[in-house]
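Consider the two complexes below, in which chain A is the common component and chain B and chain C are the respective partners.
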Partner chain A sequence: MMPRAKLKAQKVEAAQALLADRTLPEGGAWITKARNAAQARVRDMGLPTKRDEYWRYTDPRRLTDAGVVAGALHDTKGEPLVFDQIDRIKLVFVDGVFDEQASDPLVLDGVEICQLSQAARTDLHWARDLYGSLDARAQSPVERPLASLNTAYATEGVLIRVTGKPQKPISLIYLRKSETADAMLHHVIRVEAGAEATVLENGPIATRFNQVMEVDIADGGTLHHIRAQGRDHERVGSAHLFARLGEGAHLKSFTLTANGALIRNDSIIWLDGAGGSAHVAGATVGDGAFHHDDTVFITHGAPRCESRQVFKKVLRGGAVGVFQGKILVDQIAQLTDGYQISQSLLLDENAQFLAKPELEIYADDVKCSHGSTSGEIDDNQLFYLRARGVPEDTAKTLLVLAFLAEALDEIADSAFADDLRTRLEAWFERRG
Partner chain B sequence: MLEIKNLHAELEDDSEVKILKGLSLKVNPGEVHAIMGPNGSGKSTLSYVLSGRDGYTVTDGSATLEGVDLLEMEAEERAAAGLFLAFQYPVEIPGVGNMTFLRTAVNAQRKARGQEELSAGEFLKVVRAKAKDLQIDADMLKRPVNVGFSGGEKKRNEILQMAMLEPKMCILDETDSGLDVDAMKLVADGVNALRDAGRSFLVITHYQRLLDHIVPDVVHILSEGRIIKTGGPELALEVERNGYADLMAEAQA
Partner chain C sequence: MAVLDETQMREGVDRETVETVQSMAGTYKHGWETEIEMDFAPKGLNEDIVRLISEKNNEPEWLLEWRLDAYRRWLTMESPDWAMLNIPEIDYQEQYYYAKPKSMAEKPKSLDDVDPKLLETYAKLGIPLKEQMLLAGVEGAEEGRKVAVDAVFDSVSLGTTFKKELAAAGVIFCSISEAVQDHPELVKKYLGSVVPQNDNYFAALNSAVFSDGSFVYIPAGVKCPMELSTYFRINAENTGQFERTLIVAEKGSHVSYLEGCTAPKRDTNQLHAAVVEIVILEDAEVKYSTVQNWFPGDENGKGGIYNFVTKRADCREDRAKVMWTQVETGSAITWKYPSCILRGDDTQGEFYSIAIANNWQQADTGTKMVHLGKNSRSRIVSKGISAGHAQNTYRGLVSMHPKATSSRNYTQCDSLLIGDKCGAHTVPYIEVRNASSRVEHEATTSKVDDDQLFYCRSRGMDEEEAVALVVNGFCKEVLQELPMEFAMEAQALVAISLEGSVG
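Right after this comes the complex of A and B.
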């Protein structure tokens, strides 16, 4: 075992090496302040290693390694992208860079949308109190240097301020056209009191990506977040979702992950106001050289809040799925209702699921439950379907979708859920 | 319709456990045959071997449906060929709606037989009518397959599947188990409504009482993997009165 001090020195050294030839992007006073602070955090924490508690099952080196990033593009064979049938305002990024030509005008009733690159040039912006602030807050009790790295160096992203109830979802579309792009995206979303919006994300982003989304939901506000992370196999990336919820605020976040050599999704949520709710769900399908890690940390910091974590993973052909989920209940958070379930369906003997559920409770009047299971397709169910004439492959697909249903059911709007379900069906049909 | 000749089967994992030891029977079109027998005589194994469940090895004999070898087919092919097994313990499938399940099954079989698939509208019309006869309400059709169903609801759901799939050869594996008198009557009525000259039934049961409602043409007594006696409905009454002991002693003599 390496002594702690030596390990820390190595992490700091790795950060120094990574930052040595990088200069912080130019920008206005507010963002420069946030970037400087974030850069200092990275220098101080160093880069993550597999010896860190929250990286035990996933090796972070590929997310920060120097050298050329490369990965073949995935041929979608002309298939329409997810959410294509849904009326929405489209913001297109190509290899992590905003594409104004391909995007809709950033005009929608009830919302202000602004590119990060433009806002960064101004000296004063509503995002100034938010950009990097949730990243900073999230560094304790668990260090998250990748997020600070992003806050310091990201130049692309959008700042969304929801002031009303926009009629259409705001759709972030991430196209990947380069085999070597290494992208950073930083989004900030502020949902004002009583406002409500839906934010969609879809696409592979880039060959390597580091994404941060900071969300602040004021009292009584609601955000629906639905994300489909694309099908490109040769891709590594990390995405942090930070969300702070005020009194009676609601967040529903759902992520579909299919393929990817290494995808790590961190969701860090604070229920700061009484009566709020946060639902985080994920459905994952992985085949072959696939490593996918969902890490969730929900803090109940006020009474009468509800949280749900529902994660389902279907793995085959050597795919690895990881779930690390924590519910932390502060002393003040009486009458907390916390639920967490993580389940995997292993379609062959080579697939692997690693789960680490955690509860840390300081209040005495709470209801918290958690469960984690790992299993195969149920032979009785399979035979029952076949005995009714359903061919084996179809029966298996039906059972796999049934397994994923509890996670998909977390999506409030069935139009989105149906769209994702169709994609999942096709994913299995292609594999037979 | 169904012809079983000298069928021998053992457990796949343990060839020492021989369950069927030379079972023969023949069911003609339109006939209802009952198979009765004590626990462990091989009743359920027979239903599983015929329907194609994994876990058994057929070591000898044959089983044909309208002259076609059943044992060579996959479970789903047997179903498409017209074989139906009403399960003793219908399986719960959380996450799959009963309606989706029924429609997938009906259309898979139609497709396998080269027929057009039913449209959503056509299917709905048919299923609603048949569900009504079995007192299956809309809620039961919407719920996940058999999840939270009572014993009686599960068995009614089996009969609904049978009615929708319109098989030629129906095997009912202890369909009466776990049913109260009223539920049994409802299930039996459902079965009787499906009786016709082109459809045969093999009713596996412990007790005679189901046979009061579904009156068989032929009754077989199964013991230790073989049919030891065949007769008319009166044979079932004899079992009800005297148990299996006498018949088994008679067979061994």
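Right after this comes the complex of A and C.
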């Protein structure tokens, strides 16, 4: 075993090497301050390694290596993108760069939308107290250098301020056209008191991506976040969702992941106000050289909050699914209701499921539970369907979809859930 | 009591019960000291001390080399920092690594020759060192039961009871220092084969300086005629205890082993780093039960034992079976993960644990179930109870290797919090590398369930009775796995901390 001091020195050296020929982007005073602070954090922490506790199941090297390995583009065969049938305001990014031509005008009642690249040039912006602040807050007790790297160097993204209840969802569409693009996106969302919005994300982003979304939901505000990470297989990426919730605020975040050589999704959520709720859910289907990691930290920092983590993974052909989840309940957070479930269905002997579902509890009047299971398709259930004349393949697909249903049920609006369910069915049909 | 005043009480919690819980450390029963002249090795740790311990035990050259190798490896290692424990820096040079009562300078031929003061110590602890029939202490139990005892006092074993009767059955039960003299081939073959010298920091330290411990060998096909027990007592000040236990169960054999431990009340911390290795061959079965009641420190967190223990059972051949049961109530710091290597096909590992942390105690304990053989099964039931300012963590690993097909694990971890200044944590690692195995993990942290209370109340029980009934159920799954002698002691320890204390 390498001594801890030596390991730390190696991490710091790796960060220095990575940052050596990078200069911070130009911008206004507020963003420059945030970028400088983030860059200093990266220098302090160093880059992640597999020896870090929360990288033990996922090797971060491909996310930080100097070069990007070219990845073939996916032939969509004319299949429309997810959410295509839904009336929404579209913001299109190609290989991580905002495409004004392809996007709708950034005008919608009850919401202010602005590109990061434009806001960064101003000297005063509503996002000044938010940009990078949740990333900074999330660095203890677990270091997350990839997020700080993003805060320091990202130039693309959107800043969304929800002041009312916009009629349409705000849809971020990520197209991929280059085989070698290395993209960084940094979004900031502020939901004002009592406001409510839905943010959709879909598309492969880039061959390699590092994405951060910082969300601040004021008292009584609500954010629905639905994300579909699919399509192009040959890509690696990391996405951080940081969210802070005020009193009586609600967050519902759902992610569907299909394909991707290496995808790491971190969700770090703080329930700062009494009576808030945070639901984070994910459904993952993976086949072959697929490595998917969901890492979720929910901190109950106020009384009477509720949180749910529901993660389902269907894996085969060597696919690896990782779940690391924590419910942390502060001493003050009495009457907490925390629930966490992570389950995997392994369709053949080569698939792997690696999980670390944690509870850390400092309040006594709480109800917290977690469960984690792994196994293959239940023979009894299969037999039941076969005995009723359902062909084996159909029966298996049915059982797999039923397994994933609990996660999809976490989506409040059934129109989105139905759309994603159709995609999942198609995914299984294509693969037989 | 100051600690109590700071603690906000929940409605419905019986104040008296909370006081009883809070004062557990204050009323540590075994906190007295035996005044006896001791022979100490010089303070500190270096190669000379390792040589001295080896010499005192009259060890062969290979064992000295083995120890020195461990010591050199230990020097290159770092104390683990991953547990949820706040461990003050330990000065390993400020400890004594060998302490032996002067009266033991010449090894007594039998227990009758042992210094009466030492025998009194064990009598006072309630440990029978006379070969007598033991009444199990359970009301209504008419049948007497025999338990053979190995008594370890600081660094040396005082003696072992029922040796002759065990020998007649072919069972070897003696101190490990005797085993090195009398059965060197067995010790050489198995020592370090389950927990290698460099397994971890504390195991390396133990390998270098272990002074005594128990050795058990059950020949093929033998069901050990009585329960075997080792009782560890730390007495001397500033003295670490480093015992090493080795149990070998040959094909088709069966043994139940009990372990108990206590220490005097002192306001300095004391170090205890033990290693237990169990080798289980085809169709054999070992049941290992511990009631750990080292001095936990006083109500202000002063003193107490630092308990860093490596315990591992290797189910080396098909259908081998091991069962760990532990009741952890003592120690200022507990760092302990009794593990099962399920190497053979159809092997079975079980872990039942109750961990109680009170006042300023810190416990980070759990198990590892490493499934390597096909169709291997494991079961984990862990109950953690936190009170006062204590932190109690369950940490466990369930690993299904690719070849361990059709294996099965079930894990249940429940935590109960008493008072609002303590913490209860669950840190399971689940690694499933084949599809045909089934792994299930469940954990809850709560106070007593209102629905269950309501159910009982609506059937005419008063609140106290209802709480008692529900809470009693909390630990039962573990308590019922203990051998009778230990179940009594454990029940008494658990009862104090649980009775009506949640509401």
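Points to keep in mind about this one:
As a working rule, the second predicted complex is superposed on the first by the 431 of 432 C-alpha atoms of A that agree within 3 Å, B and C clash if a C-alpha of one lies under 4 Å from a C-alpha of the other, contacts with A are read in each partner's own complex, and residues count from 1 in each chain.
Rule of thumb we're sticking to: a contact is a pair of C-beta atoms (placed from the backbone, for glycine too) under 8 Å apart; a residue touches a chain by one contact, two chains touch by 3 or more.
These numbers were taken from a predicted model, which means no experiment stands behind them.
Residue contacts after overlaying the shared chain place A:403 against chain B, while chain C stays out of touching range. Which of chain B and chain C touches more residues of chain A: that partner is C. Once the two complexes are overlaid on the shared chain, A:335 sits clear of chain B and of chain C alike.
By the document's definition of touching, neither partner reaches A:136: not chain B, not chain C. Once the two complexes are overlaid on the shared chain, A:4 sits against chain C while remaining clear of chain B.
Of the two partner chains, chain B is the only one touched by A:381; chain C is not.
Of the two partner chains placed around the shared chain by superposition, chain C is the only one that A:367 touches, whereas chain B remains out of contact. In the superposed pair of complexes, A:394 makes contact with chain B only, with no contact to chain C. Taken in their complex, chain A has these residues touching chain B: 379-381, 383-392, 394-395, 398-399, 401-406. Residues 10, 77-78, 81-82, 84, 400, 402, 405, 415, 417-447 of chain C are the ones that touch chain A when the two sit in their complex. Every residue of chain A that touches chain C in the complex is listed here, in rising order: 1, 3-4, 53, 331, 334, 344, 346-376.
Interface of chain B with chain A (complex): residues 51-54, 74-76, 78-80, 85, 87, 90-91, 93-96, 100-101, 104-105, 108-109, 112, 144, 161, 165.
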